[in-house]
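Next up: some structures, all given as structure tokens.
Each of the next two complexes has chain A plus one other chain: chain B in the first, chain C in the second.
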Partner chain A sequence: MGKYLLRRLAINVILVAIAASLAYMLAATTMNPRAAYEGRQPPVPEAVIDATLDAYNLNDKTPVLVRYATWAKGVVTGDFGKTWNGGSVNGEMGRRIMVSLRLLLIGTLLGFALGVVLGAVSAVKQYKFSDRLIGVSSFVIMAIPVFVLATLLAIATYNLNRGLGFTLIEYTGEYNPRLSGWDQFVNRLNHLILPTISLSLGSIAFYSRIQRNMMLDVLGQDFVRTAMAKGLRRRTALTKHALRTALIPSATYFAFAFGTMFTGATFTEKIFAWHGMGAWLVDSINQNDVNSVAAVTFFAAVCILFASFLSDLLVAALDPRVRVS
Partner chain B sequence: MSILQVKDLTVTFPGGIEAVRGVSYEVERGEVLGIVGESGSGKSVTSLAVMGLLPKNAVVDGSVQLHGQELLGMKEDDLVKVRGKSISMIFQDPLSAFTPVFTIGDQIAEAVRVHQKVGKDKAAKRAVELLDLVGIPNPNLRAKAFPHEFSGGMRQRAMIAMAIANDPDLLICDEPTTALDVTIQAQVLEVLKTAQQETGAGIVMITHDLGVIAGMADRVLVMYAGRPVEQGPVEDIYYRPRMPYTMGLLASIPRVDGEEGPLVPIDGNPPSPAALPPGCPFAPRCPMKVDMCDDEEPPLTPFGGGRHVACIRAHEIEHKNLTGTDVFPVPVIPPNEVVRVPRAERPTVLELDELIRHYPLMKGAVFKRRVGTVYAVDGISLDIAEGETLALVGESGCGKTTTLQQIMQLQPPQGGRVVVLGRNSAELDKAARKALRGDLQIVFQDPMAALDPRMPIGDIIAEPLRAHGVKDDVRGKVAELLRLVGLAPEHAERYPQQFSGGQRQRIGIARALALEPKLLVLDEPVSALDVSIQAGVINLLEELKNRLGLSYLFVAHDLAVVRHLADRVAVMYLGRIAEIGAVENVYDRPAHPYTQALLSAIPLPDPEMERTRKRILLEGDLPSPADPPSGCRFRTRCPKFARLSEAERRRCVDEEPSVARLTRAVDHGAACHYAEEIEVITASENQEEE
Partner chain C sequence: MRSKVVFRRLLRNNQARYGFVALVLLVGLAYVGPFFGAYDWTDKDFLSFLSPPGGDHWWGTTSIGQDMYAVTLRGMQKSIIIGLLVALISTGLAAVVGAFAGYFGGWVDRVLMWGVDLLLVLPSFLVIAIISPRLREGTWLWFVALLAAFSWMITSRVVRSMTLSLREREYVLAAVYMGIPRWKIIFRHIVPNLSSLLIIDATLNVSGAIIGEAALSFFGFGIQPPDVSLGTLIATGSGNATGYPWLFAFPAGLLVALVLSVNLIGDGLRDALDPGSNT
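Right after this comes the complex of A and B.
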């Protein structure tokens, strides 16, 4: 097992290197950081611009392969370079990862848990009213793009707050800088409500459909009947034997969602004004910030491969049939 | 005082499908009640209804009383106290009956903890004891294994262990050995007997295998179309059946101790529960039918001596002492012209010479590497003369199917030679290979899967003709083929799903015969069919062989069918031939210990013989073909090896035996260093003489 994991790791490192290199090349050849300095009033002398861009390794007069070599050397030592205006990409990234994590952790877990429960209920009550209700709602939610859903939620909350006359639920930003201590913590949680709902609704809908199918496959199996023949209640047989077995496929999806959580949720972050990784990617593309784009892509690649690794481990933990062979 | 009393049980599924229509029976302590019937007769539904495990949309009526306590309509809270405690159930397919993600030990311990207030470690200890009781080696270690790490036979043992965990009063076994090989079946039945002695439980044994019932049951209930048609003590049912269906069933089974001659088939098919005929449901197939049979369904009436029969002519049958062979028309099969010529003078249609097929065992997802070899077929030699049937028998995993594939592919084999009709498969070019395929055709095991459901059967049968460029009068040929296999030419427009299993197998045979082959390969052609249907197909095969001068390579695991159909038999074990020879020689005087065990494991549909005969029980399971034992492959399970002296054993371990001709017989060879002919099955005629 250890040898197998090591080999997987080695392959992953190569894949990350390829993905990040390609992303850097694409960003470095298509983006133009010079534009940010050129149109200024008063005009900045070209020599100064060149010197600044050189310092940030962003000068388009330097051959792209040379810039790539410099960037790659930095990345190997753990330095992702400078942003377009000279800030540290590392520092920015560290801050933003935490923001994304705070935003997504609850939503991801909640979405998975509720989705699995609803899917299992749906399967057990197949063709009954509750099954149809869950099914139709899931499809409606899946049919609405997340930016529409988030915006609708924000508008509804805005109207609710206005109707109440005070701010019951926060609909923008991450926290209120004027508060501190316990109040600040509660306020942070309040800020989380809307983005969490908008994030988890989609995943609840998604997981419930998957889990329903998996559960239906398992419900007809003999071992559920055996469990009941042993003297287990139907409910116990369903949760302990059927659901436990039917969880394995959903777990792989969950591992991916969990792993990519750190890369942020672009739309949700932009709409609710959280400055996380997703928002950063959009911002840095707008600002022609080559090093930031490369760093975000690099990080996303790492996350995806980490997620697939996680899903392998999770499946091995859940399914003894995989573990043994 | 009976433990279980079932009265007028009916089960109706949505759409008014009456799967069970009035079943009544009682089971007493320590008694074994056998329920026999063909698929769709409602025997499994009955037992699930007793357990309360039917899906919610099934309507169950009547009464099921356990120790006088009514189970039907009981609340779940009370029912869970009975299930697994007073009544346990053993299911057919042990592969899917265990939850794949929990260990066997945990699942047995769970059954203990549901009904007894014991700690986790105590329950785990009890699980190990139970596994030990059902004969699982190293129970301590094996309790921690997952279901997929157990073989089929071991899983069924574990299933029995779980069922007796709470000392039940009643065990319901639903086809407990149907999915297992015969030698494993014999082991499991033995365990079941031990379990019954241990618990003193009553057993309801549901099966379609009349041999298993003959050995186990005290009383028998015969079901047909959702109703019991005959019930009584096992001897009465087997020796003096009084309902034509039971009589036909007993007459239609091929017997491993059987005499020659055609089997007695029951015409037609069991009725669908959605469309029952008026009156007696068996009337359309019954040779004793009179007009009165269509008037009303005869009730199951007492007949004296604890017997019940549902037939208006039962007394007449009793009076005239009729048997199945008297009542059912015995088909006449024309004699075989070819076999008049001695075997040595007939041409050889198929010859295998040291045929080898090994599969590499690969590991790894990205970088595949070879970690071993599966010795699927490891040097087998045999030949089939014109007009002859050679049966290849053996348990699952012995290499039968691989051998077939090697022959059918007509490609150069990995090792050895395949010679079909005098042509070596290694020397064929593409055109010759295609031409040869016309002479070598196959009939598959599963008639459902072997026919394209979207094609009318006329097209299915015509397909080989078209593929080989036959253009004129295809329709006429198809009609002729349909008649040949006992179907009507006007059926050609129908689709496969409009036919029953037996008819579909006939269609498969017609397709195989379309090109007028010389050699027909039959891959378990009757194992998917019900007993009463099976006899008709076996007779058809025999008739076709004699009329058309065909040769058969017949692959089967049912040794009784083989005895009936084959002239010669080759017994395979782990990719090698253990014994080969004329059927009379191999069956009457088996010389290889494996053949002996195999033959002795087959249950005979005869209660007296089945109970008095001595069984050679094999230990353990088939070793993996990737890692066969050194020397003789059978030595790890060989009862003879166990009796040999240390010096004699050396030879078994070091030297692999090859098939050697036995001195006394013309056509009989065994691959055993210490081959010794013994009699395992006493022929039925001999018994009568004694």
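Right after this comes the complex of A and C.
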């Protein structure tokens, strides 16, 4: 087991290195950070631009491979370099990871929990009205892309607020910096409502469908009948025996979603103006910010590999058959 | 024989029927609809900017006086073509790579699966976002190729594992002993036996690709102006959706309807081709 894990870790490190290097090369050869300085009024002398870009390791007059070597040396020691205007990528990344975490933790957990519950209910009440309702609505929601859903939510809230005459639900940004203490906290929660809905609706629909299928498979099996035959109440048998077994596939998806959470909410972050990791990817591409692009890619690759690792561990923990083989 | 049974099952399936009807209507709207509109999608009406839907401009006009009806249908044509092409390429690629890896095994398998892993780790969003706006002078076909290149990996894994079990079947072994070259066996015996999986996958890939295109175009990384797609229209529409709802409502509504109808067909196909599954 230990040997297997080590081998897997080594392969993952290589994959992350390749992904980040390719992203750096792609960004460094195609992006033009110089443009941000050339267009200034009054014009900046070229020598000054060169010196600035050299200091940030962004100068396109330096050969790509030399820049890459400098960058890679920094990354190995844990330094991701400078942003296009000289800020520290590390600092920016740390701040943005926290923003994404605050934004996404509740939505991800809520989406999973509600989805599993709705899916299980739907399976137990198969072909009844509630099952049909859950099925149809999850089908429709899964056909609505996040950016349409988020915009719809924003429009609805805008009209609601205007109808009421005051701001009941905030629809942009993370918090109001003028407030403090308890008010600030409540205001933050208020800002969370819309992004959380827009994030979790999709995953509720997704998990409820998986959970329904798995639950239906399990419900017909002998061990559930045995549990009821030995005198357990229906509810206990369903939750303790059926639901637990049927949770395995949803849990693996959840592990994956949890790992990719940080970079998965690009649209929600952009539309509701939160400055998290997902928004950074788009912003850094638009700002020709080579080092940030490479850093986001590095982070995303680490997250994906960590998530796939986590999902394997989780399956092994939940499913006795995997452990034996 | 089997195709007849499947087809009958498909027709009896309500979901698939509604999906088909909706899709035919939508495709008809996209391709026949423009002939009924009074304006071409390149026309600009300088007398009405941002006018709401009405008798002259059925779906209103944009901020530069384009007829929303004509532009939206033009965008829908593009989205439909992109969806179909991406689905075909990506499912085809998944079938070929998966079947070769599974059938040949050994180093072919290892190299191909390593490539799959690498593509999964590579940030597809980033790669497409950086490359595609720089292909301005190139056609949108490059964009299709990029989208397809990043959407086949998971299916190819499934194909590979199914090929592993097909490889040992009697008819495949019989073909080997008859001296048929191995690449021919793959195309003649392995891939046809995976057809139900591939058909379902291709259908769902269509809706996936339509959403993917719209998502990238939403940030300006996909279809480039002056060409339009549902994604670019939604992007411009969502910016001022509160003041001028028709700019957002028509493209977004059609996008959702399109994806929904394709998904319904995909679901119905799965029921018809694979009665054992209850997904």
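In this text, the second predicted complex is superposed on the first by the 320 of 325 C-alpha atoms of A that agree within 3 Å, B and C clash if a C-alpha of one lies under 4 Å from a C-alpha of the other, contacts with A are read in each partner's own complex, and residues count from 1 in each chain.
The rule is simple: contacts are C-beta pairs under 8 Å (C-beta built on N, C-alpha and C of every residue); 3 or more make two chains touch, one makes a residue touch a chain.
This is a predicted model, so every value here is computed, not measured.
Chain B and chain C, once both complexes are superposed via chain A, fit side by side.
By the touch criterion defined above, A:151 reaches chain C but does not reach chain B.
Of the two partner chains placed by the overlay, only chain B lies in contact with A:223; chain C stays clear of it.
If you count the residues of chain A touched by chain B and by chain C, you find the higher number for C. Look at A:266: by the touch rule set out above, it reaches chain C but stays clear of chain B.
Using the contact criterion defined above for the overlaid structures, shared-chain residue A:301 touches chain C, although it does not reach chain B.
Once chain A of one complex is fitted onto chain A of the other, the partner contacts of A:245 are limited to chain B, with no touch recorded for chain C. Within the superposed three-chain model, A:17 lies out of touch with both chain B and chain C [touch as defined at top].
With chain A as the common frame, chain A serves as the apex of an angle whose CA-centre rays point to chain B and chain C; its value is 70 degrees, to a multiple of 10. For the overlaid pair of complexes, the smallest distance between C-alpha atoms of chain B and those of chain C rounds to 7 Å.
When the two complexes are superposed on chain A, none of the residues of chain A touches both chain B and chain C. The residues of chain C lying in touch with chain A in their complex are 117-118, 120-123, 125-127, 129-131, 134, 207, 211, 214-215, 218-219, 221, 234, 238, 241-242, 245, 248, 252, 255-256, 259-260, 263-264, 267, 278-279. Listed in rising order, the residues of chain A touching chain B in the complex are 7, 11, 221-223, 225-234, 241, 244-245, 248, 318-321, 324.
On the chain A side of its complex with chain C, the touching residues are 15-16, 18-19, 22-23, 26-27, 30-31, 139-140, 142-148, 151-152, 154-155, 158-159, 209, 213, 216-217, 266-267, 270-271, 281-282, 285, 293, 296-297, 300-301, 304-305.
Across the complex, chain A is touched by residues 51, 53, 76, 80-85, 88-89, 91, 93, 96-103, 110-111, 114-115, 146, 148-149, 159, 162, 166, 366-367 of chain B.
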